[in-house]
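Shared between the two complexes below is chain A, which pairs with chain B and chain C, respectively.
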Partner chain A sequence: MDLILQHLVNALALSAVYALVAIGISLFFGVIGIVNLAHGDIATLGVFASLAVFQFLLAGGAMDITALSAPAAMATLAALAAGLVVAALSGVVFYRVAFFPLRAAPPIIGLLCSVGVGFIIRESILNFYPNGRNPQPFPAIIPPDLIEIGGVIIQYKHIFVIGTAVIVMFALAYCVERTRFGRAMRSILNNREVAQSLGVSTFKVTVALFALGSALAGLAGLMNALYYNLVQSDMGTLLTVKGFTAAVIGGLGNIYGALLGAVLVGLIEAVTAGFIPDGSAYKDVAVFGVLIAILIARPNGLLGRLSAERV
Partner chain B sequence: MLRAGLVMLSILAGFALLALFLRKAEGMVLAAIVAGIFTIVALPASRNAAWRGLAILQAHPRAAVAACAIGAVLLPIFLHNDGYWIHVLSIAMIFAIMAIGLNVHLGEIGLVNLGYAGLFAVGAYASTLLSQAGAPFWLATLFAMTVCWTTGGLLGFFSVRTSGDYFALVTLGFGLIVQQLIINLTWLTQGNNGITNIPAVSMLGHTSKMPIDLGIVRLVPETNFFYLCLVALCGSLVLARHYQKVWIGRMWTALRQDAIGVSCFGLDVPRFKILTVAFGSMFAGLAGSLFAHEIGFISPDDFTLLHSVEVLASVILGGIGNLFGVTVGAIILSVAPEKLRFLGDYRLLMYGAMLVVLLIYRPLGLLPDPRRRFESF
Partner chain C sequence: MLTIEKFSASYGPVHALHGIDLRVEAGEAVCLLGSNGAGKSTLIRSLMGLGPLVSGAAHFEGRDLSVHAVEDRVRLGLAVVFEGRGILPAMSVHENLLMGGYCRSRADIAQTLEQVVALFPLLASRRNQPAGTLSGGEQQMLAIARALMSRPKMIMLDEPSMGLAPIVVEQVFEAIAEVNRRGVAILLVEQNMHMALAVAQRFYVLDRGAVVLAGTVSDGVLTSNTGQVLHEDEIESAYMGEKT
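On to the complex of A and B.
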């Protein structure tokens, strides 16, 4: 029983990271109809921006980043904010440069273009970031303490990752359901032409969405970095693949679906790794096996709309 | 007649220039040539000149095809018997075979396959295992093609109900699963260490390790595989072209345009799609078998997502649906990394940048299929 709960906690921490990536992929697909395979790489870019700020501020070695002091808190906030801002900006630039010119082309072209952008980001970090070829330690801001509840060990970083994700989810749900931006976005998801004819600026909404979605990806990357305390230039590929899987399981274009999908992916991974002997080698096989099974039963994902034009 | 002769001569001259380019162009000269080609391709104003040239070729298709065949056969001599470049071009042709197969998925019925390298791996391992058990090359290749046909059929069976981007994800998953299985099923595949000592191909007492002695010239051993790949590539092209011309090709076009429409005319759409996916996957078996025997060593690193993307990129850059364009695209994309070696560490960066720039300026590829101008996606 304890073991099951322990795996559950680990799974939820994974799910939290995947969910933030999946939401971006899902919404981008809903609004521009393109699967963005560079989403995880945008996250990597944010993480490395954050790391650069950390390395700059801690260069002298005078500051203890884990101490509870005002300068340390300021430094941490500055670094994390830098990560989010860089991710959001790069998302917008990326949309304007690579996706916007291709809006009339078939979606597969956009997908391939995003692969190219992913290459550019990964290789730029590899080549231009100091010592970018090797995995880099990410400052351990969260104290390594843990609490034990009835035999289940919960680390502070579990609480941080899951808590952040939950707060962000609620904020996002509010944003999508209650604000003017959210309404505009949903109207585009529903019917692009009608939304445009009613005066919704698809360009502005899409740019805002890319800023938001990319910032979420940056957050996911930062959470991943804080969880493992290790970052490398190709960490984005894994995030993209898992996020994409979660988004499809839940149904592309639906944020609650993305959330559900992410929880499922995290659970399947943790269960396979935890309960099947020698299972961690096969966890991706299990994830994609379940994915294929779900798609056979529900071809549009768990919460996806059943659309008539897809035959 | 005179014009046909001129077409043939200019194509042969093109092959000779290609060989010269491969062997000699380096550093700044190469960068200048690539930049020049880029300008021609990217600038809409200069399109006309390039297009007029192509139109003349299209007016004499038989002469053009014959000249291409002669040029390809003579290429090892144009290359001055340089084993390295002959080898690179063999690999390029193997990629072209894969691109032709993927074109069946992507070009003909519009299914995005992100796991083609998985099928390639299945073909390579199937062929290698049978070959190591003592089977001759042709039997191993046929076996690999059958296995890939079946795998593709199964993949289609599990995923044609999902279409478009969902098929992309299922195949992405398939590619990753195949790679993980290769790594983990060590008793069969020897895991990350890979399989070495794949036997050489031998035919009528001549093995692929021997040079070809023609009396006047003595061609390096790499030429064996060059010609083998050339034959396989021509066979693939003829087969794929044939399928495009007969009723199956008309059905593909109709299915792309209006799936509900063709199903009303009595086509069993899911069954037809499954068979099409299986047909397209068969080429991966051929390519995999050739690749395994050509390199003599296979490991999971040869079949990553990156390789799937590379095949996808060659189909899209060459021009979806146009077999000639797809072949050219695959050859360009597999030769480009070799020629970009002078960039050192920035090679993949430039590769990504080239991909993005070309896609933005030519979203329908270098040589778009003329028929598709009238189709809506």
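On to the complex of A and C.
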């Protein structure tokens, strides 16, 4: 029982990261009809922006970032904020420069384009970031302490990652369900032309959505970096693959589907790694096996797009 | 209010509309009759900025529509009820109405919502239901109510009777007439000639992308622009392309 709970905690931490990536992939698909395969690389950009700020502030050992002091807290906030802002901005630039001009082209062109953008981001970090070819340590700003509840070990970073994700999810659900922006976005998902005729600027909404979704990806990247304390130029590829899988399992275009898919992917990974001998080598096999099974049973994903329109 | 001159539209090499001239005055209800494929829906879609390439001019209250993006036309006072309703199926009835007032202020929306719900009380009881679960007639009422939420000066309706039972069609047209009585101009595109002529003060007949007949309706008497008194059968044959 303890072991099961322990795996559950580990799984939820993974799920939290995947969910933040999956939501962007899912909503972007809903609004522009293209799967953005550079989404995880946008997260990497944010992480490296954050790392750059950290490295700048820590240069020469002038500051102890883990110390409980006001300057250290400010520095940490500045570095993390830089990561989110850079991710959001690069998402917007990416949309404006790559996807927007291709909006009338077949979706496969946009898909290929996103693959290209992903390459550009990874190779740029590899070649232009100092020591970009090697994995780099990310400051361990979360204390390595842990608490034990009934035999289950919960690290502070588990609490941080899961807690942050839960708070962000509630905020996001409020934004989507209760705000003018959320309604505008959903109206585009329902019927693009009708949304336009009601006065919704699809361009403005899409730009805002890319800013929001890319910031969430950046947050996922940062959570990943803080969890493993290690970053590298191709860390985004894994995020894209896992986020995309979660989004497809849940049903593209549906935010709650993305969430559900992410929880499932995290659970399957943890269960495979924990309960099958040598399972960690096969956890991706298990995830994609389940993906295929779900797509056979429900081709539009678990919560596939609602289309109850009567004619 | 709406003036259309030499309006043409085509889907690639196929001409859907050739040189249409049409006008709608403030507060007027005008119907556009014609059979399937006569170009009626194309005209509505083009006026809303969603249609194919266009030559000629369309002005709304003296403003050239062609320079306004789709999402800006509703701000000019132009609203549309699409063929097949065009409701947002996965959003609730209330959210559909809120989206109708997307370009208006919060206080404005609250006030308009009250008036609109008074006109369509049925929508109040369905408030939190996904719009896609409403019946066809209810969806049509919702689409008209949503159009009213933007406080439009003119509403264009594309085939509001389509797919509805006769009794429901009557309710829908009663609602359209009521909206018109409240001073909103109506451009009604219909195949159901009898119902359309009961609401309209003027009519145009469209056949294969061109206006072939136009006239006025007064107390059920149809008069062509050339002064001839017409029978409904004659209008029908005009758009069925038969010579009378």
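Basically, the second predicted complex is superposed on the first by the 305 of 311 C-alpha atoms of A that agree within 3 Å, B and C clash if a C-alpha of one lies under 4 Å from a C-alpha of the other, contacts with A are read in each partner's own complex, and residues count from 1 in each chain.
Everything below uses one rule, namely that a contact is a pair of C-beta atoms (placed from the backbone, for glycine too) under 8 Å apart; a residue touches a chain by one contact, two chains touch by 3 or more.
Bear in mind that the values here come from a model prediction, so they are computed numbers and not experimental data.
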Which superposed partner A:V194 touches (first chain B, second chain C, both, neither): second
Partner chain in contact with A:A184 - chain B first, chain C second, else both or neither: second
Contacts of A:Q6 with chain B and chain C, given as first, second, both or neither: neither
Touched partner set for A:N229, first chain B, second chain C, both or neither: neither
In the superposition, chain B vs chain C on chain A residues touched: B
Partner chain in contact with A:T202 - chain B first, chain C second, else both or neither: second
Footprint overlap on chain A, comparing chain B with chain C: 310-311
Chain A partner contacts - residues on chain C that touch it in the complex: 48-50, 69-75, 79-80, 82, 84, 86-91, 95, 98-100, 102-103, 130, 132-136, 139, 146, 150, 163
Interfacial residue positions of chain A with respect to chain C in the complex: 180, 183-184, 186-187, 189-191, 193-202, 305-311
Chain A to chain B touching residues, read off their complex: 29, 35, 98, 101-102, 105-109, 111-113, 115-120, 122-124, 126-127, 237, 241, 244-245, 248, 252, 281-282, 284-285, 287-289, 291-292, 295-296, 299-301, 310-311
Residue ranges of chain B in contact with chain A within the complex: 106, 112, 158-159, 161-166, 168-170, 172-174, 176-177, 180-181, 183-184, 259-260, 263, 269, 305, 309, 312-313, 316, 345-346, 348-349, 351-353, 355-356, 359-360, 363-364, 377
